[in-house]
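Following are the structures in question.
Each of the next two complexes has chain A plus one other chain: chain B in the first, chain C in the second.
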Partner chain A sequence: MEANSKLIFESDDFEVVGTKGLDAEKISKPSITFWSDVWRRFRANKLSVVGLIILVLVVLMVCFGPMISGKDYQFIDYNMKNIKPNGTYWFGTDEMGRDIFTRVCYGGRISIIIGIACTVVSFIIGSALGGIAGYLGGVVDDFLMRVIEIIGSIPYLVLIVILSFVLGRSMFALVFAMTITAWTGTARMVRGQVMQLKQQDFVAAATALGASPARIIVKHLLPNTLGIIIVNLTLSIPSFIFSESFLSYIGLGVQPPETSWGALASLYQTRLMFDPYQLFFPCLMIVLTVLSFHLIGDGLTDALDPKLRK
Partner chain B sequence: MGKYILKRFIYAVIALAIIASVSFFLICMKPGDPIVAKVQQLPDSSRQVLIAKYGLDQPMTTRFVEYMKGLIFEGNLGDSIVYEGRTVNMLLKTSAVVSAKIGLIAIAIQVVIGVLLGIIQALNREKLGDQIIRVLVVLAICIPTFVFCALLQYFVAFKWKLAPIMGWGQPIHYVLPVAAYSIPGIATYSKYMRTSTVGVMGEDYIQTAIAKGCSQRRLVFRHILRNAILPIVTMVPVAVGNVFGGSMVIERFFSIPGMGQHYVKAVSDSDPYLILGMAIFFALMYIISLFFVDILYGLVDPRIRITKNAR
Partner chain C sequence: MSEKKVLVEVKDLKKHFKVGKNAILKAVDGISFQIYKGETLGIVGESGCGKTTCGKTVMGLYPATSGDIIFDGIKVNELKGKEKKDFTRKAQIIFQDPYSSLDPRMTVGDIIGEGIDIHGLYTGQARTDKIYELLRTINMTSEHANRFPHEFSGGQRQRIGIARALAIEPEFIVCDEPISALDVSIQAQIINLLIRLQKERGLTYMFIAHDLSMVKHISDRVGVMYLGKMVEMAPSYELYTNPKHPYTEALMSSIPIPDPETEREKKRINIEGEIPSPINPKPGCRFASRCRYATDRCRQETPEFREVGPEHFAACHRIGEE
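Presenting the complex of A and B:
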């Protein structure tokens, strides 16, 4: 207590402890970029990492599976039909003696490609129109919102079915039918974000420096909405995979000889009572893929937007 | 409020008119002759009769006006080309009831179980039960409906023989389709209910209720449930509006003669007016439900009423 009572300090009362030879200006830790910070937070979430691992495994299997199994997905062998899973046929064979493992891999390619293609298309359209509506406001915004409202009031499965009837049953028609309503969700979200952001000072600064609206949207507003867009991307891929499997399942999606997980499920459902394993594998792949995207999406939500965390 | 409802109503009518006309032109622009599908062997003369009967020799605009007249003044949604004498209205009379029964029972089950599960989870937050239900909910959301159908059919009907594998007519036939319809909804509702209950439990008025010595029962039912159920209330009308078109997979799987089944069949038969009529009906139901949601929102949250009026 005696030291406390001393009121006047001399310079030799203080002693420099252990900073000799250290440069105070030097940054001792490597600087962390935004993305490495996101990755660090993402890694902390065990479930999301599990999701990522599942997804990588599924993608690897879908890409390289047919090479490893060395079989053709259309090769028919009536001597080998309905064989249960074994060493040669890892997932067994179907009613026409085709190797289910190879078929599931090929089907997965289509399912995942459709999921990604639809997502990309709907996000490009959605963020462009949403960005314009949010930034310009006024009449343009009103008009676009009315259009979105009307498109949003069509039950989307009904529309998809009409379009698949009108356009025929090609991959292109499928992607078109699924994206024509889906972009509205993205547009709404981006619009909301942009409307918030455009009030902020950096936008005023850019305007003052003479940046064109297009530049402000592309360079300043969209990058700032990127976090939310990415989370929505990860969650919209599985929903497209879902819709595709649904459509193929009721026979309006991918047509033979092409196949997808939904088309396989539809085909193998007829053997459910006798060979349930045939239906099991395509369904398992759908569930694993969708689940992994959901887990990743959860992790990304936390990682990209720390504000949301409690 | 009256002005707000009127505005929403006008939007609903405009949306419906646009949907009806766009679907009409889309479907009628499809290349190919719908008569060919039906009568490949018929001689040319009968062909001409049929073409004249369905007005296929008329220009598209004339057909459109005719169709819209029939739709608006007589409520006639169109005739089947593939099946002689079958109209969309006839199909609706028989099949809409079937779809509606399954859907409404399933929605009732979804809401009751979903809300209860959500509240129980929120009240026991982060405990074992909550964790288990959360995992199950995530799983249920990730599983396509047809997988539920397959699982139920294989285990309940085929292995344990508790219900018929498929078919329609007796009460027992409801079990599997209703179960398959309910599961994803239960998961969704319980997820939303949990989030919203947790949110409500953090509010000050709950603290007040506890502080004034409210019993647990009264607290849960009067204070928490009433506020937390609002998001669910606004979700239900949409689910009801989707009942008719939303059960295509289930109806196909269990061969139930509902609307979804007929719709898919109309597409594979390439029966244009049947598709059109049913699509308009689906859209009508959906738009009516959205209209109710808008009104509900307006009733529940006065702020929305004001901002939407201001536009």
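Presenting the complex of A and C:
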């Protein structure tokens, strides 16, 4: 009772019981960089990890398969034609007695190389032009967007047929024909992203600090668009593989003796009635590759989106 | 009073945005003021009155439509190249939104060091030391330098923004509503930091805000903006006790008083209606449509921004009439 009756307090009556000094500013969590955080969230997505494993296996098989099987993909042996899959010929042989496993590996190299080459080319052109349009805006933006609309309005199959007449049917012509229309999508996407980013205060802050446009692009705009670009890269590789397969299937793509998964599918469909396994393997590889890229892309979308951070 | 050195002088500054065919948004429409070295000029006004545009135009982030900005005797609004870069060393800005003002892909150390890198002030170990020193200035520790902005709270981010502005040792800082995105306990922290830095480094501030009590606390002089125009400017005590312009009068009566009895007794002047659109504004006094004293003269003639008392400027026909 007596203790409570004291109503006037002096500063001596109090003592500090809480925290003192800078402890409040301490962060106990270890520092994580952006990319390690992305990897952590990517790993959390089981399906994407499965996709990544499938992709690694496919790539390993395509790279080292011919060495393991020890056969030549062009070697013709009429005594060995249309053999069903067995211990020696893992995927069987075709009607000219060639080992399908080795051919699928070689075809995969071409398919994947074309997929990556097209993606790289279309992303370099697309991000450069999209970035310029988005950053400069105004007349430059209007002009580039009209160009993109015009290119986008030409059916790409028509373009490819014309180009294959002009340039001949080489791998270069194929990459050229597929990228000439595909970069427009990238350009649109990068333009939108850059336009959104350049309104952000950190770009204004850099300008206020005296940063040159080149510095703003390299240090601020590009690193911030990288996430969305990577997601789209992983999603566009399979679409190029798909297009290549389709073009090879209808005879506009890779020409013999070179081969690709699409070309193999086209060749082996003639034997579908008698030896369905011949068509099955190249198709399986296309499906596995495309599926794995999609799964990875899906996981990356979530992992790279800062709004979905947990 | 006349001994004060003018650091920044803004003369008849206009910033118009074209928003469509025959539609011009007059965000800042002919304002003039001076900022003395070492003082804090507060700019207040309701949302959309052009405070931020005014601050960013002074900084050169928006090109001015017309008018002059004179910094330390040099006309800065038409500078190019190297001279412009030199100006950026002397004047800096702190942004309103601490979330969009820091690049999410850069570490705090790199964000703070950006100005140092651009102007090539320090390299190597000296740069690191300088960044650590700046972190200590804003009550953070060197271990924060390798972290990313997303690991910090709003108040911490705002302090990082302040450190970035301080890194190149400017003389003048535009504070564009640096506290409006923060909660009250953090606001005091930021304000006290700004006041401390001003004392230590003799900084000059242009402090843009809509929190009237906070502006009174930090500013030496306060300017009130309404729809792209400066309507009144006076030393802060004078403005808060003796407002001349009807808009300022109404604004001041809206400040809550931390005493329930006085607050209950207080007469509040309510302003009717909404703020008119700044797109193609009508001639005459901008405030006429909402002013309770408005006459025909107010609707036709634009009032001049004139001296109505010592250091006290206002733009209203009524003053001195009765």
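Definition applied: the second predicted complex is superposed on the first by the 269 of 310 C-alpha atoms of A that agree within 3 Å, B and C clash if a C-alpha of one lies under 4 Å from a C-alpha of the other, contacts with A are read in each partner's own complex, and residues count from 1 in each chain.
In this section, a contact is a pair of C-beta atoms (placed from the backbone, for glycine too) under 8 Å apart; a residue touches a chain by one contact, two chains touch by 3 or more.
As the structure is a prediction and not an experimental result, all values here were calculated from the model.
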First, second, both or neither for A:8, with chain B first and chain C second: neither
Greater chain A contact set [chain C / chain B]: B
Which superposed partner A:67 touches (first chain B, second chain C, both, neither): neither
Partner chain in contact with A:158 - chain B first, chain C second, else both or neither: first
Touching partner for A:250 - first (chain B), second (chain C), both, neither: first
Chain B versus chain C as contact partner of A:208, first or second or both or neither: second
Chain A residues contacted in one complex by chain B, in the other by chain C: none
Residue numbers on chain A that touch chain B, as the complex places them: 142, 149-150, 153-155, 157-159, 161-166, 238, 242, 245-246, 249-252, 262, 265-266, 269, 272-273, 276, 279, 283, 286-287, 290-291, 294-295
Sites on chain B touched by chain A in the complex: 11-12, 14-15, 18-19, 23, 26-27, 29-30, 138-139, 141-147, 150, 153-154, 158, 165, 241-242, 245-246, 248-249, 252-253, 263-264, 267-268, 270, 275, 279, 282-283, 286-287, 290, 311
Complex contacts: residues of chain A adjacent to chain C: 22, 25-27, 29, 31-34, 200-202, 204-211, 215, 219-220, 223-224, 306, 309
Sites on chain C touched by chain A in the complex: 56, 59-61, 84-85, 88-89, 91-93, 95-97, 100-106, 114-115, 118-119, 139-141, 143-144, 146-148, 150-151, 156, 161, 164, 168
